[in-house]
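Following this message is one structure expressed as structure tokens.
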Amino acid sequence: MDGFVFSTDVRVRFAETDAQGIAHHANYLIWFELTRVAYLAEFAGGYNLLREQGIEATVVEAHVRYLVPARFDDVIRVWARCHDVRGARFRYDYVLERADDGTRIADGWTSHACVDARTLRPTRVPAWLIEAIAKAEAPAQEQAAARSSSSASS
Amino acid sequence: MDGFVFSTDVRVRFAETDAQGIAHHANYLIWFELTRVAYLAEFAGGYNLLREQGIEATVVEAHVRYLVPARFDDVIRVWARCHDVRGARFRYDYVLERADDGTRIADGWTSHACVDARTLRPTRVPAWLIEAIAKAEAPAQEQAAARSSSSASS
Amino acid sequence: MDGFVFSTDVRVRFAETDAQGIAHHANYLIWFELTRVAYLAEFAGGYNLLREQGIEATVVEAHVRYLVPARFDDVIRVWARCHDVRGARFRYDYVLERADDGTRIADGWTSHACVDARTLRPTRVPAWLIEAIAKAEAPAQEQAAARSSSSASS
Amino acid sequence: MDGFVFSTDVRVRFAETDAQGIAHHANYLIWFELTRVAYLAEFAGGYNLLREQGIEATVVEAHVRYLVPARFDDVIRVWARCHDVRGARFRYDYVLERADDGTRIADGWTSHACVDARTLRPTRVPAWLIEAIAKAEAPAQEQAAARSSSSASS
């Protein structure tokens, strides 16, 4: 997926379907979340590392576009990228594809704030996490820069 | 419902249905739980009163018999009674009926233990809660005693 | 709530909380949905009336802003209004308040399309539903018109 | 796991936790279900094969014993075995372990009935499924027989 360096796969559970015979739309937010958890596990020592430092990441805003229904037992590839890390805030974009044929079934984004786990007051994204995200996303950034310079020169 | 003094109604949410067109069976445990919460609100000051005293009630065991499917938008009447309060333990029985025609759709039970919220070690059910439950269930007990004495005399 | 004629109350279930001690953010989409169901029950004969005519309403897009956490046992008042009914599409706006003190805890919107239940192809919103929505929302429209004319004249 | 030939791993999602900081107990029924789906995928062509033949498997009864809490991000190994296939009925047993240290965190069972997807009337478990289950479970049966004969001879 262009612009994304990370994805995780999730298989649609029977419990996630509804009487329309498709995955219920609220589950997409749960799939976004487990993808963020997998992302942090891959690049930044896991979400629990954040929690152990007394920091929780809260969800500030969420947006989903549903393009094609997902069905029971479909394997969904959830692409995610993290960006716009500023102060206490950061943001994830997502693209969801059916793993077997690459059909885009949904996309969306979520924005987040780090908060102190006790006071629930906003707290800066820790420096180590900012670095981990920057390092993780660097390949996608370089691709984008290369594309932009190549189109500029042509 | 014979032997039960308490019920609460729950309307089947669309999100609770599955691709079989019926309420997914895991939701029954959630309906049991919200009925316990309503029961404690009615008779014992609410579940939060327990939590404010540093006590959590954990689920030790759960059992459900599914008799007739529940469908989207059905109103389910969940009857509950609490009994067998001993040491840290107590138990709830449930009968679920469709509210509009009284069809029994499921029954079940759950057993619970009070634990210290910090240590998660078992702790005795507080005396005030034992009393509140005994008082709440007294009418059903008396009914049962009356039935038993009337059948003995006949 | 200014501009809204309909609301329904939902009590936060224990099962809806997460390890942050607050209602998990995915549940807001479920609360939106049950509010749409209650809205249709109030004004348009219920969602099942639509389904009986072979029409399903799908979710096309969803957006939530989380302002203040909701907690276990909080009663949330979900205000909803339906508008922008055009062709197969319609849209709902939501405002969520804590019922006891009126604190706004979230807002959001969802857009929808009517589809043929068999083919899943888009189908026009039925005329009776358009009328029912127009009639339901008329008081809010009139309020808005009155406000706008009164501010114009002042 | 003695007596079990199949297991699948499930990672506890943040959305599955509750305000006690542990996995909410209703999710265990969902983990049981996805394990049955994985079992059928491994041994019998997948649950969708059953559905394509117009057969649904319904849940008749469910039982869970909760021994040790599961926490966010724990990997749970769900062992399952299918047995007592008779007429329309069959049954699964489950043992849940924490994958990293083998601690048993829960066990349980579910009983099921095959039904005609249209009429929802009970229908015999298809012969091919009975055979697939018998073949899958044969190693565990043979182990049990070997143990029993060895203890008989000693």
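Each chain carries a letter (A, B, C and D) given by its place in the written order, and its residues are counted from 1.
The definition used in the following text is that contacts are C-beta pairs under 8 Å (C-beta built on N, C-alpha and C of every residue); 3 or more make two chains touch, one makes a residue touch a chain.
This one's a predicted model, so the numbers in the text were calculated from it and none came from an experiment.
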Report summary line: Note: of the two pairs B-D and A-D, more contacts are counted for B-D
Requested in this report: Quick one: point me to the chain whose Cα centre is farthest from that of chain A.
Outcome: B
Report task. Calculate how many whole Å lie between the centre of chain B and the centre of chain D, each centre taken as the average of the chain's C-alpha atoms. Result -> 27
Report task. List the centre-to-centre spacing of chain C and chain D in whole Å, with centres computed as mean CA coordinates. Result -> 39
Query raised in the report: How far is the middle of chain A from the middle of chain D, if each middle is the mean of its Cα atoms, in Å?
Result: 31
Requested in this report: Please list all residues of chain A that touch 2 or more other chains.
Outcome: 14-15, 26, 30, 33, 72
Report summary line: Per the touch rule above, chain B residues touching chain C in the complex are 11, 13-15, 30, 33-34, 37, 46-48, 72-73
Requested in this report: Under the touch definition given earlier, write down the residues of chain A that touch chain B in their complex.
Outcome: 14-15, 17-19, 21-22, 24, 26, 71-72
Query raised in the report: Taking the complex as given, what residues does chain B use to touch chain D?
Result: 20, 25-27, 29-30, 33, 56, 58-66, 69, 120
